[in-house]
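What follows is a set of notes on a single structure, which appears directly below.
Each chain gets a letter, A, B and C, in the order it is written, and its residues are counted from 1.
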Amino acid sequence: MISIQNVEKNFTLHNQGTAVITVMSDANVEVTPGECVALSGASGAGKSTLMRMIYGNYLTQSGSIRVDGVEVVGANPRDVLDLRRTTLGYVSQFLRVVPRVPTLDVVAEPLLALGEDEGAARNKAATLLARLNIPERLWSLSPTTFSGGEQQRVNIARGFVHPYRALLLDEPTASLDAQNRETVMCLIEEAKARGAAIVGIFHDESARDRVCDRVPDVTSFLPKGDA
Amino acid sequence: MTLQKSSEEFFTEFSENSAPRPLFRVANIEKRYGQRIGCTGVNFDLYPGEVMGIVGESGSGKSTLLNCLAGHLEPDQGEVLFDTRDAGLVDTVTMAEPERRMLSRTDWAFVHQHARDGLRMSVSAGGNVGERLMAVGARHYGQIRDEAIDWLGRVEINETRIDDRPSAFSGGMQQRLQIARNLVTGPRLVFMDEPTGGLDVSVQARLLDLLRGLVRQMGLSAIIVTHDLAVVRLLADRLMVMKDGHVVETGLTDQVLDDPQHAYTQLLVSSVLQV
Amino acid sequence: MNDYNFAYLDEQTKRMIRRAILKGLAIPGYQVPFASREMPMPFGWGTGGVQVSAATLTPEDVFKVIDQGADDTTNAVSIRKFFQATAGVDTTEETDKATVIQTRHRIPEAALNEDQILVYQVPIPEPLRFLEPRETETRKMHSLEEYGLMHVKLYEDIARHGAIATAYAYPVKVEGRYVMDPSPIPKFDNPKMTMPAIQLFGAGREQRIYALPPYTEVVSLDFEDYPFEASKADHSCELCGADDSYLDEVIVDDQGGRIFVCSDTAYCASRQTALQDAAAAQHEEISA
């Protein structure tokens, strides 16, 4: 489902003496449907970078990243957008939304973008928000004013509202209390059960041990001699 | 026909995924002011429902480009093809003026930075919204007024203001009225020149939200020129970065902003103040 | 000082104006630019109409001038005297005797015929000017038939007044092509514009001439749900009793007393004469 082969990433810092920093080379990861893979490695080893490369948010210099058969490396913006709309979900650590849009609509948006009926989309969004214990009185407010934990749960709801077949989770359980953490664990298990391929970053070891099938260390993808 | 062929060849690289047809195709546009370059070598395809942002600093050629695309300026070179309803892709640069003007009243819309450039300040809000309808032959006052009321509602202007002149409106309301006036004929392509420029931040947010909703509901394609990177991050699917009349980088909006490749884009992104 | 060229203007100038008139007749409703001359009267006093009349008159013509329907106001009298002095043509106040009628803001009540020419004085020839101040743009709008703006003006009227409140200079469409300003005639006169006589329009200050050949189709713009109405004061003439003519309201005392009388003085006078004659005939019959 998600296939990463011989991938290399470097950053060229034009405004700092055109320094070229290679942060990853010869990275290989395979994730099959129903599998959850947690990337591990020290901070700065490139876990988030690799996630962003899969999502098309960072450019990949060479190699191949395929999601559901679609080559992300060198793809047209249109194809990446299409992939994100239909197949590939992403729960980031940060919530980026248009100010003023009600939480319910923020969560329903991925469904509306797919052309789903507004009523049905809002119902699904409401169900998920309720499951994640966001009080109903907040649904009509913009999440920009929410606490960190609440924003994180809105983000999760947005990532799980559509049954994406590939999911990227960037610390989905950080800053959550035990009860909500349990809900997120369940959501991940349900996603796996329906055959989603998941790549995640989990600092929470017990969570990682519970849902993840493999834990590749991205430190091994650091350029040789750098590691 | 030969013209169309040549641009077809030009874009062979895109033809692999030719399932939907591009709505708008720009090939090799150049505009010079004497020896000085306004913009040059601009190529892109825009598909139905896509929003493209054009960013760059003042004088980078982004407004010149937008005016060439919208038919306000005649480019010295290149083609601006639009997928017309009856004849398919047609070069709007060489199109007869009556047709081009008809297009700009029906399938195209242009949102100016300053609302007063896009509104008739001496005509009521209802008359401003109704003008495009009347221009394409609407002759029933009651229906025109109903449509105007509907559109004022969509852009969150109270219908009690329908007979007020735009000069009595706030800047944000004027801008929303301009949008209603432009979208009333159900255009397929909207050009926007700094649509949030000069507005308070809170007013900007409301406008952005509104535009995003309308773009999705109406399946609009849009080209937005702005120097505000926050605006394109929220509105645009794709980004084109211009400097000194040249396109220096293109790509997915979040990719260009989060992992910029060109020196100028890196400078542009890193110059934005964080809040 | 009686040595004027016939009808004041030199022959070259009259030829230039006639060319503009012919072009105007060939393209009904289209505004033809012309090199308007200084006339011995200020702009705004009918210099456009006077130049068109000067280029139209022949020594055999019988000339009539009306100002808002009246033959006896300053403007009408001055222009009539001007052509008496410079062209030596016969003048008349009777509509049916005139061959050329110069008018300010009215069409005579009596139907005109194919042997007559009606010359209008026009202050602002551009019907789109109210909404679009740029001449370059209005010309383009005419050439491309972009007339949506004209309806915006009518829309504004209804929005503000509940009805199309434009009472004079009511815009018309000529032969389904050009939108034209009929000069500030009351909209009551609009339906008369499809007529056997030739109609010529002269705007001196704005340097434009336009024209309507006989029987040209002239349609007043309107909305389906707010159709055009040729309205007049809901009274009959106090002097001649006519109930089909356009009326002026006249204040007659300091107590707010008012009467309505025909604005077309020649029409009113002819009706009064006819009434008196009929009364006299009846009187004679009785005494005989």
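Please note the rule applied: a residue touches a chain if its C-beta (ideal position, glycine included) is under 8 Å from a C-beta of that chain, and two chains touch if they have at least 3 such contacts.
What you are looking at is a predicted structure, and each value in this text was computed from that prediction instead of being measured.
Peer 1: What is the shape of the graph in which nodes denote protein chains and edges denote touching chain pairs (line, ring, star, complete, other)?
Peer 2: line
Peer 1: Measuring centre to centre with C-alpha atoms, which chain is farthest from chain B?
Peer 2: C
Peer 1: Please compute the C-alpha centroid of chain A, do the same for chain B, then give the distance between them in whole Å.
Peer 2: Result: the chain centres lie 32 Å from each other.
Peer 1: As a quick test, compute the distance in whole Å between the mean CA positions of chain B and chain C.
Peer 2: Averaging C-alpha atoms per chain gives centres 47 Å apart.
Peer 1: Quick one: report the Å distance separating chain A from chain C, using the average Cα coordinate of each chain.
Peer 2: Chain centres of chain A and chain C, defined by C-alpha means, are spaced 77 Å apart.
Peer 1: List the residues on chain B that touch chain A in their complex, please.
Peer 2: Residues of chain B touching chain A: 14, 17, 47, 50, 205-206, 208-209, 212, 216, 233-234, 237-238, 250-252, 254-255, 258-259, 261-263, 266-267, 270.
Peer 1: So in the complex, the part of chain B that touches chain C is made up of which residues?
Peer 2: Result: residues 97-98, 101, 105, 120, 122-124, 126-127, 130-136, 139-142, 144-145, 162-163 of chain B touch chain C.
Peer 1: For a test of understanding, state which residues of chain A touch chain B in their complex under the given definition.
Peer 2: 11-15, 18, 52, 56-59, 76-81, 96, 98-101, 112-113
Peer 1: Which residues of chain C touch chain B in their complex?
Peer 2: Chain C residues touching chain B: 131, 144, 146, 148-149, 151-152, 155-156, 158-160, 223-226.
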